[in-house]
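You will see chain A twice below: alongside chain B first, and alongside chain C after that.
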Partner chain A sequence: MFGYLQPFREELKMKDYKLYKSVYCGLCRSLSKSYGLKSSLTLSYDCTVLAMLYMSLHDTPCSVKKGKCTVNPLKKCMICTCEGDALRFAGAVSVIMSWHKLKDTMNDGGLFKKAAAFFLRIFLRGNYKRALRNYPLIDEYTAEMMKQQNEAEKNDVGIDRAADPTATLISRLCIMFCPEKTDRKTIGVFGYHVGRWIYLMDACDDLEKDIKKKNFNPFKKKYNGDVKATMQYCNEVLNMTAAQLIMAYELLDLHRYKAILDNIIYNGITIQQKKYTFDRYNKKKTKDIDYYPAMDVHE
Partner chain B sequence: MKDPYKILGITPHATDEEIKQAYRALAKKYHPDRYGESGLASQAAEKMKEINEAYDRIMKQRKEGIPYIPEDTYTCPYNNEDEYNSYQSNSTGRDYRVIYRLINLGNLIEAEHILNGTSPTERDAEWYYLMGTISYSKGWLEEAFNYASTACRMSPDDDKYKALYERIIQQRSGTQGGFVSTRSGAADCCDCISCLICTDCLCNCGSCS
Partner chain C sequence: MGYDFSNVINLMNQGRYDDAENILIAMQNHPDQARVNYYLAQVYLKKGWLESAVECAGKAYSLEPDNREYTDFYNNLNSQRNVSAAGDNKAAKAAGCCCAAFECGDCCCEVSECLGSH
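What follows is the complex of A and B.
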């Protein structure tokens, strides 16, 4: 995953922001504990959200305590620990997906990138093996997703088909960890649109680069390389996905981290979309925080 | 059974007015009109039922002096069985009853398979509408958008097609989540969207004739 799902910090309460950071640090700690120190390199915001969703759906009791940062021993931070499987699961997703992404880069990146991916893979190998042993299903799903993604790119398919593998993967992961009593359909649809949104954001982010390098990008065909015009359209596509995602989100039974998750879903998504679709192409960057997302559903 | 106050997200000390307000907000949130063809309609209806029950229970409990009758209890207007029975084949005479049935049962793959068997020349507005519905529940939103707009262009007067198309347009505008790219207030935005929908319809009519 890539780190597009983030809270809009300016609108979070301080306590919630600290809690969010503690989950981030807790995930980092859990990664190095369960799969080896090197695996904490793969830490991402998206996996933090996944861990929080896991804990929220399961209502896992967790505690926060002070500790040393895993990566930088001089730094002190608040670290979240929880009883259940949440942090280990999210960690495994992080390691396994990074591993497969590196494999993909090794196959079709540039020469320098290929070499870097090759060495990183040797570096991460042991960690990946440990994650694989614990969660073989995640690996199976991810491998299938990668295969379908490559096939889709080869055939130069439309937006829906291109986004489908990633969306299906996240949907399956969400169904995998949700508690018995959760409605499979709701969590499945939620996961599907989260995955779709992440994929489309990534496509948006890479559009300029992909046009230059003549790589596959689902948005490329629409305006024949006019990036600015495409961005308006990208935003529309993202909006519709966000609307679907929110509809499913509102049907979920959440117990913990509600304030943070709400912030990510209602404000974080908005800000990220603005950042990647418009701000990047505006020479004069508008740095206003008096911006409030217009939501008539969430009053 | 869950605490009805918890369901409505209020404290037991809330006034009748506050309860009513909370109920209305939730009813709006989970209203079947919003969930429509998204494939989560039954889940939303479930939630709606829960809210209705909670509201009714609170009101019953509070019925000490004056009996209180809620004036606006939402009943689910989305009754699929009725739609099926009242279905009449459209002007071109094609019968899509099987497809509606399959969609109601959640068998989208089969429904799509049958629809794809129709030759391109015989595809009417309803065909595009149904394909749009299927894509929409599958989460293939761009195809859903294309199908719905084609259905709307082919028969602009049909309320059913228009409803789906307008819902999609509204979602794309960003008012239901995501980012609204025009920097106007929310109220202006709504007007702006309905304006756009109208002009769009007019344009389509023009191009048809």
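What follows is the complex of A and C.
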């Protein structure tokens, strides 16, 4: 996972933002408790959203307490604890996916990246083994996804087929933690489009680099390397994926964190999309604050 | 050669989208190519393969532009491409700056990271 799923913080209430941060810190704490301090390195925003979705779908008690930051003990923070399996599950996803990503980098990356990935893998080996022991199914799904992804890239397939392995993985993960009373098909479709959106955002993000280095990118063939024209197209594809994602999201029965998840799905996705597709190619960089109409008037 | 798509529809209803896709792809010589592409677009939409769905829906539409069913389906799909799913982020735009609401500059900064631009 790559960290594209983030809330639009300006639109969040303070209490919701603090809750969001508490889940982030709770996940970090859970990671270091379950898999060792080193595994905190693998923490990502996407896994935080996964943990929140897990907790939101299940009605298990969760609480927030004051504590000290796991990585920097001088810093105070709010930490979410959950009686259910949400944080451990999201932590395992984080560790296992990072492990497989490093394996992929070792095979494909440049010399420096290969060496870095090799040492990081040695560093994280124990943590991965522990996560694997607890959640073998996540590892099985991720390994399958990586294999299919490599095959898709070798065959230079189109957008849909290229995004399918990541989308299927997230869909399967969502179904794994879906409570019995929830419709599996709905959460599966939601997960599929979340995974697809994340993959396509990453492809968008890497487009320029991939064109230069002649790496695989599903958007590369469109408009023959004209990045600006391709970005317009990327935005359209992402819009459509987001529309499907939202349709499934609205059918989910959420018990908590609804305000934060709504913010991520309705606002966060749009802002992230705008940042990665258009803003980075404009000379004047748009800051979050530029999204406010008041600022437009003053200009 | 059969004109009947009931087999494909049954497979779709059962959620066997890959099987339905294979049958439809094998129907290259079917005389009603517009309908083949229309169903193929529906299968792709169910699978989450949105680009293929748009492509097939477009083919069905261009083969029979007067068919209301194909036109509506194609337009519906296309409308999702051009409008940001969450609207024009109106809610976010209407929010205004939070800085005035918080006296504590530190916490405000943490939330909005916007003090620098003031």
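Quick note on the criterion: the second predicted complex is superposed on the first by the 286 of 299 C-alpha atoms of A that agree within 3 Å, B and C clash if a C-alpha of one lies under 4 Å from a C-alpha of the other, contacts with A are read in each partner's own complex, and residues count from 1 in each chain.
Note that in this section a contact is a pair of C-beta atoms (placed from the backbone, for glycine too) under 8 Å apart; a residue touches a chain by one contact, two chains touch by 3 or more.
Please read all numbers here as calculations on a predicted model, not as lab measurements.
Enquirer: Could you tell me whether chain B and chain C fit or clash when both sit on chain A in the superposition?
Expert: clash
Enquirer: Applying the document's definition of touch, where does A:17 land relative to chain B and chain C: first, second, both, or neither?
Expert: Only chain C is touched by A:17; chain B is not.
Enquirer: Can A:248 be said to touch chain B (first), chain C (second), both, or neither?
Expert: Only chain B is touched by A:248; chain C is not.
Enquirer: Looking at A:8, would you say it contacts chain B, chain C, both, or neither? Reply first, second, both or neither.
Expert: second
Enquirer: Is A:83 contacted by the first partner chain B, the second partner chain C, both or neither?
Expert: After superposing on A, A:83 lies clear of both chain B and chain C.
Enquirer: Once chain A of both complexes is superposed, is A:232 in touch with chain B (first), chain C (second), both, or neither?
Expert: Touch partner of A:232: chain B, not chain C.
Enquirer: Which partner chains sit in contact with A:267 here, chain B, chain C, both or neither? Use first/second/both/neither.
Expert: Touch partner of A:267: chain C, not chain B.
Enquirer: Quick check on the superposed pair: does A:186 touch chain B, chain C, both, or neither? Answer first, second, both or neither.
Expert: The answer is first: A:186 touches chain B but not chain C.
Enquirer: Classify the contacts of A:278 with the two partner chains as first (chain B alone), second (chain C alone), both, or neither.
Expert: A:278 sits against chain B, while chain C stays out of touch.
Enquirer: Applying the document's definition of touch, where does A:156 land relative to chain B and chain C: first, second, both, or neither?
Expert: A:156 sits against neither chain B nor chain C.
Enquirer: After superposing on chain A, which stretch of chain B overlaps chain C: 163-171, 181-189 or 199-207?
Expert: 163-171
Enquirer: Going by the contact definition given at the top, which residues of chain A touch chain B in one complex and chain C in the other?
Expert: 158-161, 164, 167, 185, 189, 192-193, 196, 236-237, 239-246, 265-266, 269-271, 273, 293-295
Enquirer: Within their complex, state which residues of chain A touch chain B.
Expert: Contact set of chain A toward chain B: 158-161, 164, 167, 183, 185-186, 189, 192-193, 196, 232, 235-248, 250-251, 265-266, 269-271, 273-274, 277-278, 293-297, 299.
Enquirer: Which residues of chain C touch chain A once you look at their complex with the stated criterion?
Expert: Touching chain A: residues 15, 44, 48-52, 54, 77, 80-87, 89, 91-98, 102, 107, 111-114, 117 of chain C.
Enquirer: State the interface residues of chain B toward chain A in the complex, per the touch definition above.
Expert: Listed in rising order, the residues are 25, 28-30, 34-35, 38-40, 43-44, 47, 135, 139-143, 145, 168, 171-181, 185-186, 189-190.
Enquirer: Sort out for me which residues of chain A touch chain C in the complex.
Expert: 8-12, 14, 17, 158-161, 164, 167, 185, 189, 192-193, 196, 236-237, 239-246, 265-267, 269-271, 273, 287-289, 291-295
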